[in-house]
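Let me give you the structure first, and then I'll get to my questions.
Letters A, B, C, D, E, F and G mark the chains as written, and numbering starts fresh at 1 in each.
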Amino acid sequence: MTTLMAILIGCLYAAAIYMMLRRSVVKLVIGLILLSNGANLLIFTAAGLQRGVPPLIDKGQQMIAGAAADPLAQALILTAIVISFGVLAFAVVLIHRACEVVQTDDMNEMKGTD
Amino acid sequence: MVMIAVLSCFVLAALAPRLHSLTGRQTGWLLALLPAAIFLYFASLIPLISSGETVRHAYQWLPSMAIQFSFLVDGLSLLFVLLISGIGFFILAYAGRYQEGHPALGRFFLFLLGFMGSMLGLVLSDNLISLFVFWELTTISSFMLIGFNHEDDDTRKKAHQGLMVTVFGGLALMTGFIMLGMAAGSFELSEILAGPSLTEHSLYLPMLGLILLGAFTKSAQTPFHFWLPNAMAAPTPVSAYLHSATMVKAGIYLLARLHPTLGGSASWLTILTLIGALTMLTGIILASRSTGIKRVLAYSTVMALGTLTMLLGLGTEKAALAAVTFLLAHALYKGALFMIAGILDHEAGVKDFRDVSGLRRLMPKTTLAAMLAALSLAGVIPLFGFIGKELLLEAVLSGSRWQLGLTIATVTANIFVVLVGALLALKPWFGKTITTPKAAHDPGPALLAGPLTLAALGLLFGLMPAIPADYLLRAAASAVYGEPVSGTLALWHGINLPLMLSVLSLSLGLLLYRFWTGWREHTIFIERLSQFGPEAGYNKLMQGLVSFSTWQTKTLQNGNLRHYLITTLATVVLLVGWAVLRLDKIALNIDFSGLQLQEVTVVGLLLITVLAAVTAKSFLVSVALIGALGFGVALIYVFFSAVDVGITQVLVETITVLLLVLVLYRLPEFRQLSSRANRARDATIALLSGGLITVLILLVTNASSMNSISSYFLEKSVSEGYGRNVVNVILVDFRALDTLGEIFVLALVAIGVYSMMHLRTGVLPVTNADKRHAVQKQREKSAKTGVKP
Amino acid sequence: MIIELLAALFLLIGCLFMLVASLGVYRMPDLLTRMHATTKSGVLGASLIMCGVMLFFGESSVTLKALAVMAFTTLTSPIAAHAIGRASYFIGVPLWKHTVKDALKDRYDPDTLVLRSPDQDADSNKKS
Amino acid sequence: MTSRFNMRSLILSTGATLLLPLLILFSLFLLLRGHNEPGGGFIGGLVAAAAISLKLFAEDYRAARTMLRVHPLQLVGVGLVLAAGASLPALFVGESFFTAQWWTLNLPILGSLKLSTPLIFDIGVYLGVVGSVLTVVFTLAEAEHS
Amino acid sequence: MNNIIDITLLLGFAILSLALLLALLRLLKGPTLPDRVVALELIASITIGIIGLYTILSGKDTYIDVTMVLALTAFLAAIGFARYLEKGSYRDDN
Amino acid sequence: MNLLLSNLVLAMIWAALTDTFTGGGLFAGFILSYLVLIFVFRQHPDVRKYRLQVPRFISFMVFFTKELIMANLKVAYDVLTPTNLMKPGVIAMPLRAKTDMEITILANAISLTPGSLSLDVSTDRLVLYVHVMYLYDEQEVLSELKRLETKILRVMR
Amino acid sequence: MDMTLLVALPIILPLLFGAVSLTLLKNHKAQRWLAVIGTFSILLAACALMWHCQQHGIIVLEVGSWPAPFGIVLVADLLSAIMVLLAAITGVATALYSLKTVLTRFERFGYYPLLHLLLAGVNGAFLTGDIFNLYVWFEVLLVASFALLIQGGERAQMEGAIKYVTLNLLSSALFLTAIGLLYGLVGSLNMADIAQRLTQVEDQRMVTVVAMLFLIAFSIKAAAFPLFFWLPASYHTPQVAVSAIFAGLLTKVGVYALYRVFTLIFNSEVEFTHNILLWMAVLTMLTGVLGAAAQFEVRRILSFHIISQIGYMMLGLALYTPLALIGGVFYIMHHIIVKANLFLVAGLIYRLRGSFELKRLGGLYKDHPGLAVLFLIPALSLAGVPPLSGFFAKFILIKAGVEAHAWWAVGIALLVGLLTLYSMMKIWNEVFWKAVPSPAPAIPAPGGNGLLYCITGSLAAMTIAIGLFAEPIYQLAQQAATQLLNPQLYINAVLGAD
């Protein structure tokens, strides 16, 4: 499954990058979403995929007998998801304001500043 | 005490503007008391130094790097100190009167005193680095002085030019000093000089080259000589000070100082004598063609500097003595002559030889001083300049390798020196009286004291050469030569070759003076040549710099975000790709076993979704697809045991869609703007990057073999974190700091969005009717332009 | 054993209804007919699968949650359908060509979004 | 202009009224059980934010704003103070910064209640998330009016 | 006995996969935004179904929690889109 | 509404007291407290209404579930067969339901029953616009819908 | 309470002040007070931390008492302590400067909370010993900088912000990717632990692969060649106080991160990694300074100079000798103060003349000699003129370069020094020496300049002091460099010696 995931993640990155490279600035939004999904899945995959063993300990138990999925990677992903969500929200509003102020959505026309 | 001498200049400099507003007209004299005191103090050291002793003081600065303020008084530095403080005394007094009433006179004193302090520090420093520090300070303070009339565009340009050239050299010098320090094992000149010669050291040539670069730029050696005449943009007291005894002599001082350690090699001899001779000739020929009084003086200074360099290049005992003698003579007459040029300007309003004649009767005292100084320059007996010139010729004649060539050059130069001397000694004073812009008259003591004294000293030393020789010059020459020098100075050596050459050049020079105008007309080609000269080169370089940087900025920082992204990504692909290709074995984790149906389906559908989201023609469609993508990704998290992550993913995706929807109708629609070629290029970059990521994951998952620290959390979650949801316990306890940072990120987003939307100016169409109207207009517009909305 | 069999049955039927919903969405000719499929089959499919889960685990906590899921979908699905259906009228999504009657046509005021009843505008009723 | 926004769908707004308490309760449920079962401050906060957004979508900005009473940014502030403040109690008992503190309160009716700094922290997270998301949502919705 | 459940699950996943594919195709085809939103709604429902099946497959009941959240909040996206459309965008889809 | 709430609270207290805070425990608690409520406050007019509402609700749920399944079978049929037979249309259904809650629940129920999907309520709340799949006879469809309305109103009022 | 708390204070103080400031959003008086008290308290904490660090060596705080490498650790070695102190100084200067220059309407929309949180992010990044936590603090400071950057909503700000945000988000994504891969490789997040575990990786070249990702991610943050584009696009657009704190701190966080990971973690293939760093350093210096030569607007010139100065700091790391690292650390110390100050002075120029355009400025030397001095000191220091702070910074690096026989790097470093002076003197000539261009812009002289002069004057005094009393600073840099070159010290402090 890791191989398959690696391919999916590669595609997510590629798609994200392609969208970030568009002139139409709103496509950036899609690019950022794809990128953060890709990065989160990458952490998930790199940490090792485990089926059906959530890191939840049963009532009355002290720990999980046997294998369990990596809780740390999950915590990292949670943090990363929330951060990228926040950043995305900011970026969306920024793009909206920028289009409003600059009166264009064409990145090629936003050359007023280097 | 030495430290105090140097420091006091800076302290007084800082106080000067305030002091000036208090004491007004007499400030110049008042401030001049300081150099006078310094002069007297150092003069009191003459007996000690002339007996071969040295004085050294050291104060810690950066001991870890062996950098300290250490001061060494020996013959050479003493000679310079006396010149700096002595001439400085007159210059301050002179400037006080010359610049009287100037609104920024206080600042002028500030920089002049600052310059004096720097110069004193430079020549007194025993530590190479502290020497360099003062070196740079002279550069900066002279920049401020040269640009004193800063509202004039040309002045600013010239000041900038002088600064660039000398700082360029300064930086080379610093590197050279570092190498010298490394080679000699010390930054202390006294130790370096006491140590062995470094001509055999492996770093010798680069070190020499760099140090010479520093010295040559500062001392205006060809091809860097052009900044010096341009520095005449400075007020005359500045020129008088900088170009007689101080600033430009710093390079010479340095060469003289380092001669025992770096001198004596073939490269030293070759470079110094050739550059020196070239400079000498360039300077004096240009001087002979100039008509501006200060300009002539400036070029003749270039000549003198070249001569000194040449002498130091020869490096013989005789040359050393000749060099210090010539240096002293030059300081005296050149200081006087510059001040006289200033007097002519100040009292008669003339700046050009062609505009002046016959002032002898109107300005008798000035004439006297001028003639004494100019004749000393011309090397006329019995002035001190004559002795200097005789020694020069002697040294050249006894020189080794380039004997003949150098002699011819020196004699040629001397012919023109005589011409220049004659110009200065005769042209303004004799002949028909021309009406000058101002009613000419002798100035007061403040202006006249300097030239008269210096010129008189030239006569005195000429008549009694033993005084400077015994008390000063021999010690100085010894320091230069590295061993005690035993020569004496005398006005009369009998009829010898140097004397004959002197007479030859004197007569030819006077002849040339008669045909000065014709000479200038016949040599007009030199002017044309100058467009290929070093100054033109400098200007080209600066223009080239600006146009190159403009081009670079246009290319790199072109305002196009996509280029930035492409460059960044290309860097990623190249550097990471390179690192991957370096691997001993590229072992990828390729394994399709154990796949489950639902997993494959979800991944497959996700791939379709991603592709569709990228190719979608409408933002809305993309957003809807992103929603679907979110569910798919959540499924993956669920399939691989991440319950909390799955839930969060679903929620975040939903709220993302809500947010997008809230701004959506105010965002422009997707447009297809890029050309097919650009899209292909972008797709290539994207696929390369994506492929690289895939490879990295496969590499890492294949190589990982270590146990993760996460087993700790699984063990301790219940027993020490009191929670069964390990992920949550990590979030709120084990790694609560991450979570803390993260909600602050959210808070920042909230503030950012809040302020972005409330601190705005634009107004939106608000009703449906408005909106439709706007859309209608947009459609009409796009129909005209043929772009799909 | 019987419970498991029952659970399997529920699951299978639930999945089939899901498929029906998808087929409906895929095959039906216009938006409103497609929504018939999703609101009904989607809700039932999910609910049946939840019943299967409920039966399989047979624990009260799971039962409670599964019931909650069923309740939530039943509650939210028609509301969403309503919202979308209503919105589709604002932007004038075309109805299937075989639609026989459209009582809603032109009843929305495009600027105020007021929806008039047929009594309020006998005139426009005639037109349609 | 305002009338336009009051002409919301009756079905939707009633549905929202029905769902809102459900969602809020659900979010609190997720928050409080998060330490032992899936859930926690984030997830709870996101659900609560979604709930109030539903109110906004079903009715209008003003209704949602009135329901919340305070400005969401103040909610953020309180959340942040709680979350950051949860790092401090450890200092008063001489333990390392951010060390979790657990207190068991024996209340007469409710029985023993476990209170802890991780819980306070999680509540801070909850408030911070609710406040932040709502600030963004409200700001954007409010901008529609201007 | 587990066989029955296993086969059911396999069958279920296959059916739901097909359902997901069909819904996705509608999402891609549109032709109007509401059509896509409806498809998205359905995808959320199918996701609930898949997680339901997966809950049984893994035997861990905690996955049900995900479906609870999905059931309660997934429709919000549709509400959002609906509101967007009501706000009077007259943009053509596609 | 208040009675339902107190009924629920009582059920929870029961579950808490018996330490069976589970589906079954709550259900048992609900039934028990329902019985207690209608017994203790049997004179109260609200309770009389409430007494009937619970069985009506249960019977409505049964009816509704049946309808839902029927609806699905019908959809399945439509989906799997050619679409020729369909004769969709939007009709206006006059409303007897008055309160927001009544209208909403009615609309939702209509959406989940066979062949009909509620679209919107007129602003004056007089009619509900419904999309119908088989509009062969509008009056019959309307009376069908009205029957559903009656059932719901009986539970609600 | 033990002294390890000191490590947390520079983070938790601004967080708390930011949070409280946010709850008092509409009370801008209270916010001003909080800004002043907050930044000064951070300064106090930073001083105490510095003192302790020098006395007791590396201080480690295990957050939540969870032992390393499992919990997050905050680690203050000397480099961190230095960075925190500099951030605190910049913070105080900016906060005070803001009191007089930031518009009230900005203050009412979260300016001060953003400032507090920016500092929290910066300090967090300097102090954390955990690679993922570093990412979190990066994001905190990044989003704070986003929000500060767009306050005002001018066209240039928007255009600049789009570029700034996009490129920085790309950098964050790369950073996250790198963390994910590193975690996958070694299964730890604690930097000391990672350093230890990496030595057990079979193919050290695999480590270098991951190192390249970190290199690029941090180089974007540090604005190194060829990844600096976001900086010139945006730094001249926000309010001056914001420009100043950005100029002083943001890129330095990237530089710090490079120093941290390329001394502690990725030190096995120095000849490869640090050679790339060397190339980047040299090209960064050169392109930055050339970029400045093409600019004719004060803040744009200064922005490009940030880039070229970053090159020097990277040079220190790239040469990777004790002296070079000393030089690098010294350079950072000097640069933060000087650069922030230059932007603040630019702000004063703007206040007096209402423009940043060279061609519209002039006459300030005559009219405001005090300001001229305040400009000249940092400007000359930036160019490396002795005896100001920049001289030793450059001198040490050049010496290190000469000792390492990195001739071309030395040559370019020198050339860049010259061109820096060229640019500074361009500003000087045009803004100060040139006569006021006619028609003179009629800007009424605003009040309250005394405080602003005091702030810039104090920073200028520090510049002079670093130059004149270089020895203690050098000692500090030396101790810091010694720690950097002996990562085992850091590892032992965090994980315990065994």
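Brief remarks on what is shown
Keep in mind that, in the parts below, a residue touches a chain if its C-beta (ideal position, glycine included) is under 8 Å from a C-beta of that chain, and two chains touch if they have at least 3 such contacts.
Because the structure is a prediction, the values reported are computed rather than measured.
Chain closest to the overall centre, judged by the mean of its C-alpha atoms against the mean of all protein C-alpha atoms: G. When you average the Cα atoms of each chain and compare centres, the chain farthest from subunit A turns out to be B. Chain pair with the larger contact count among C-E and B-D is C-E, by C-beta pairs in contact.
Subunit A and subunit C have centres, each the mean of its CA atoms, that are 32 Å apart. Centre to centre, using the average C-alpha position, subunit B and subunit F are separated by 87 Å. Chain geometry summary: the mean Cα position of subunit E and that of subunit G are 48 Å apart. Taking the mean of the C-alpha atoms as each chain's centre, subunit A and subunit D sit 24 Å apart.
For subunit E, the set of residues touching two or more other chains reads 16, 20-21, 33, 37, 39, 53, 62-63, 65-66, 68-69, 72-74, 76, 79-81, 83, 87-90.
For subunit G, the set of residues touching two or more other chains reads 15, 18-19, 22, 63-64, 132, 136, 139, 143, 146-147, 150, 153, 162-163, 166, 170, 177, 181, 183-185, 187, 189, 229, 232-233. Shown for subunit F are the residues in touch with two or more other chains, namely 107-108, 118, 120-121, 123.
Subunit B meets subunit G in the complex at residues 60-65, 67, 104, 107, 129, 132-133, 136-137, 140, 143, 147, 150-151, 153, 156, 160, 163-164, 167-168, 171-172, 174-175, 178-179, 182, 545-546, 548-550, 552-553, 556-557, 559, 561, 563-565, 567-569, 571-572, 575-576, 578-580, 582-585, 693, 696-697, 699-701, 703-704, 706-710, 712-713, 733-738, 740-742, 744-745, 747-749, 751-752, 754-756, 758-761.
Residues of subunit A touching subunit E in their complex: 51-52, 54, 56. Those residues of subunit B lying in contact with subunit E across their complex are 596-598, 601-602, 605, 608-609, 612, 617-618, 620-621, 624-625, 627-628, 631, 634-635, 638-639, 643, 646-647, 650-651, 654-655, 657-658, 661-662, 664-665, 669, 768, 771-772, 775, 789. Touching subunit A in their complex are the following residues of subunit B: 553, 557-562, 565-566, 569, 589-592, 594-596, 599-600, 603, 606-607, 610-611, 613-614, 619, 622-623, 626, 629-630, 633, 636-637, 639-645, 648-649, 652, 655-656, 659-660, 663, 666-674, 682-683, 685-687, 689-694, 697-698, 700-701, 704, 708-710, 713-715, 717-719, 724-727, 730-731, 734-735, 738-739, 742-743, 745-746, 748-749, 752-753, 756-757, 760-762, 764.
On the subunit D side of its complex with subunit B, the touching residues are 1, 4, 34-43, 46-47, 49-50, 53, 57, 72-73, 76, 79-80, 83-84, 86-87, 98, 100, 102, 114, 116, 118-119, 121-122, 124-125, 128-129, 131-133, 135-137, 139-146.
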